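I have a structure I would like to understand better, so I am pasting it below and will then ask my questions one at a time.
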Amino acid sequence: MLQDLEAEVLASHQLGQDVYLLRLHAPLIAEAAQPGQFVHVRCSETFDPLLRRPLSIHDAGNEGELTLLYQVKGRGTAWLARQQSGQKINILGPRGRGFTLPQNKRLALVAGGMGMVPLLFLARRALEAGNEVDFFYGARDREQLYQLETLKAMQVNLFLATDDGSAGFQGPVTKLWEKYIPERSYDRGYACGPRPALAAFACLAGRASLPAEVSLEERMACGLGACRGCVTALQDPSGNKYYENVCTGGPVFDAVAVYWED
Amino acid sequence: MEQAGKRPRVNLAVEITGLTLQNPVMPASGTFGFGEEYAPFIDLNRLGALVVKTITLHPTPGNPPPRLMEGHCGLLNSVGLQNPGLEIFLREKLPYLRRYTPPLIVSIAGRTTEEYAELAARLSEAEGIAALEVNISCPNVKEGGIVFGTVPAMAARVTAIVKEHTHLPVIVKLTPNVTDITTIARAVEDAGAGAIALINTLQGMAIDIERRRPALANIVGGLSGPAIKPVALYAVWRVARAVKVPVIGMGGIMTARDAIEFLLAGATAVAVGTATLVDPGAITKIIAGLENYLTEQGLADVRELIGALQI
Amino acid sequence: MEQAGKRPRVNLAVEITGLTLQNPVMPASGTFGFGEEYAPFIDLNRLGALVVKTITLHPTPGNPPPRLMEGHCGLLNSVGLQNPGLEIFLREKLPYLRRYTPPLIVSIAGRTTEEYAELAARLSEAEGIAALEVNISCPNVKEGGIVFGTVPAMAARVTAIVKEHTHLPVIVKLTPNVTDITTIARAVEDAGAGAIALINTLQGMAIDIERRRPALANIVGGLSGPAIKPVALYAVWRVARAVKVPVIGMGGIMTARDAIEFLLAGATAVAVGTATLVDPGAITKIIAGLENYLTEQGLADVRELIGALQI
Amino acid sequence: MLQDLEAEVLASHQLGQDVYLLRLHAPLIAEAAQPGQFVHVRCSETFDPLLRRPLSIHDAGNEGELTLLYQVKGRGTAWLARQQSGQKINILGPRGRGFTLPQNKRLALVAGGMGMVPLLFLARRALEAGNEVDFFYGARDREQLYQLETLKAMQVNLFLATDDGSAGFQGPVTKLWEKYIPERSYDRGYACGPRPALAAFACLAGRASLPAEVSLEERMACGLGACRGCVTALQDPSGNKYYENVCTGGPVFDAVAVYWED
């Protein structure tokens, strides 16, 4: 059930130059959260910034703990980074259509940069449901690969890629993934990351006839499906373009439903 | 209605062109979807009225994304009137909305006066609609794309045609992007508008300097939110003095204090838009805040505030 | 000018109606006093131009207080053109301003076209003035108080009369409180304006709900600051496409990024108003930020940005 | 010399329900400060609130310490109250025309509510200059009389008044002062507080032919004399009304120069 509540900051950890892990106490949201869903976070005491900021659910624990992981991009996330433990933050969620969660299958999770955020949560739930998880994770360099310890502690098969080769494979994470597609015969693929990476992922999945899901981003206002501000272009089976809300119809979409050429 | 042992309850009800609203606070068209989106957060029956997203005769796909950009204390949007069209509204949205008690106000827009006429006629046959709100902030495709609401004669003509095709009360919603909004207001009043709503969004733009492109795919968008409140309040004050019909004021109302400013300026009711996008409970908080304010001030009736500004 | 061991310096200079500005950033009239108020904080010689508070023929006492009210991300003011008048300007302010090298732009306003004419003639005789900026956001007392800048013919007439009485370049500054600002822009261009500055403030109002009175003694005020930036940018983009003369863009510019948006939208130079009231160093920071941006982007000349928006 | 600088918060103490004492490290301003002057404080990291807030200088120590005392009224002061030690605050000052500081005279300082703020600093400097200081201080009730310990530690003659009689004289502080005017034969009077109190003070001073100064408040933007936004109505010797900037022509004015009837 969708909630609008004040969550207490348990801790805020700086993981990188401008990346923060935020642990919140928000039992009602943590319990309901599904991988791929997001929370809509009020990042201000005033009206500047005005709108909430959507952030993916990075993890949700049994003790009512909800974890977010974000990069400081502008005013909203800068505000968030200033909040310390004990402070309250208004969040609304869990929101959106998450990833399909199969049982006892072999899954490929492909994360580009901050796209790792919702995929870690997916990996955890997928493992709990008896799936085998190959986790492909790419970033610019090794400094920008976050949460490696947490991922390693999970039972995923971890594959790393960096643009500069400072960790794992040198090159795009989708290129790395491509090599494993034939031999690993996945049942389903999932991706989150920059749009060009998602398009490459969708193309590879399509060629391999692999059911695949991607998590998209658009600027949002209400996060509730009311304002129609956050649309993305989809295509129906006959290739006709139409607009769908990312906040309610997504953020996770079937890769084949996305209208990639815009 | 004095309650035993309690302070006398204040009256929040107001009348607008024959409709009785239990309180003067309603959503602004386009920010409240078709109501259902907010049902998990607030009791829709507490609102002064329900106002739905503007509907058009045919389904409207809307503008390409990105449709939103944040300014400072303001939201720039170019949704482009995306809506499922009249038929789907009647079939799929109206039955749900009818379950609620507050008067249902349906916002309409057309590309020609004929489309306004047909929308008015068809909606008047449906059950459960209390009033029409005529959104005239859209281009008239037959007049070279000039926005209906920017020319007094065109605004009057749309109003008159809608009036001809409906028995429902007609509210006309004005655009602020004009030299003298009182001229437009008087023109639609003379043409039969039973109430006037204002303001719609201000035209604005933002640029993504990295990509050197407009931040909105549509280039121009409508600015709403706290940034525009002073402009909205001034327009409402001027129009309320220029016309006899009631005024529904809006533009940047975020709190009960803001709503009270609009009532003092002469609005009989107010609408809340962007605030709801930020906080789904904004409208109900504003209603509660208004009631508190009246109680604190020892006022028995919200109508004592309307136009009570001292000059 | 390549400096040994350094990156080549970028060119920031632009030309506006015959004036060469060393960089395209100047103060907005009315927010910079007569320059001297900011001398403790910034080197006035670094500015693209100096623009003084609008002066009138006779001393103007201005509006009664309160004259200021803060909105959200915006400032509402009703200073009422308080200024010491032409004589005192010439005697007491001009000698000080002449000590600085950037071109001095003197903003003028009249209640009648005759007053504009006399101001133009008298200022043209003085030494050290580089251009006149004609503020047409004020009421014409001979035409029932209609604001000069809201009627194309009136705006054109003021422009033409000022042109007739001066050899100085004439910049005309537009009000945004109109239905179609491009019509006014074209009218003043045709009447001889060498450049167009925009936008002046948006009309707005605020109410003190405790006292049930307007927050400003003058009731209406002008809204400036970040709140109005989207409106200003859109107006600048439209006007820059509608006229051939250069445009000076302003309205809510707080940072170099904001200034770049205006340049991309087609402004040849920009003015900074409210930002300076908040941070006396705003203009010089914007100049520095603009230079950094050009260097980072590998651009050698600021003129590559002007109108470079991709649609 | 006027400064625009980042001052470090040394400490922020809550003195009452919504009243805070803020100790800043700002040597350049502290050294230059004169009683009656103010600093113009940026109260935001964003543009909401937008404008600086003027706050009187409450005290200025030798160690470069600058003390402000303020009541939370709205968004700006609420922001200020959230700032903790170690944080930096942008302030501009010292600004404005302060109080006349005589030597070896007998002075009456009349403070209504938060009007005490600049008068404490005036008292300190006046005592240092060999003056005798009668400090009249009125508030709604005893809870709203701040800094009594500090005042008592100084060599002022302290006279208290409260509206409810919970401390000192019951009634307006100007009424209390009135009783002492004849017997104490002051050389000069100073007042700060709500405008009606100042008007009463000016009237009493006028009747006693006592040179008197008042500190006025108006909303400000630049604080530098540039915008002409902060004017107050004054009268010239022939009674003609004109407008003067409070930020540069004041905030302290001769009581006889103020145009009281507006």
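In order of appearance the chains are A, B, C and D, and numbering begins at 1 in each one.
In the analysis below, contacts are C-beta pairs under 8 Å (C-beta built on N, C-alpha and C of every residue); 3 or more make two chains touch, one makes a residue touch a chain.
Quick caveat: nothing in here was measured; it's all calculated off a predicted structure.
When chain centres are set by their Cα atoms, the one at the greatest distance from chain B is D. With each centre defined as the average position of its C-alpha atoms, the distance from chain B to chain D rounds to 46 Å. Note: centroid distance chain A to chain B, computed from Cα atoms, is 36 Å. Each of residues 46-49 in chain D touches at least two other chains. Shown for chain B are the residues in touch with two or more other chains, namely 72-74, 226.
Taken as a contact graph, with one node per protein chain and an edge wherever two chains touch, the assembly is complete, since every chain touches every other chain. Listed in rising order, the residues of chain B touching chain D in the complex are 72-73, 226.
Residue ranges of chain C in contact with chain D, taken from their complex: 30-33, 37-38, 40-41, 53, 61-62, 64-70, 72-75, 77, 79, 82, 225-226, 254, 274, 276-281. Interface residues of chain D facing chain B in the complex, by the touch rule stated above, are 46-48.
Against chain B, in their complex, chain A makes its touches with residues 1-2, 4, 42, 47-52, 90, 92, 218-222, 224-233, 242-243, 262.
On the side of chain C, the complex with chain B involves touching residues 71-74, 76, 150, 177-180, 202-207, 209, 211-214, 219-221, 223, 226-231, 233-234, 237, 252, 257, 260-261, 264-265, 293, 308-311.
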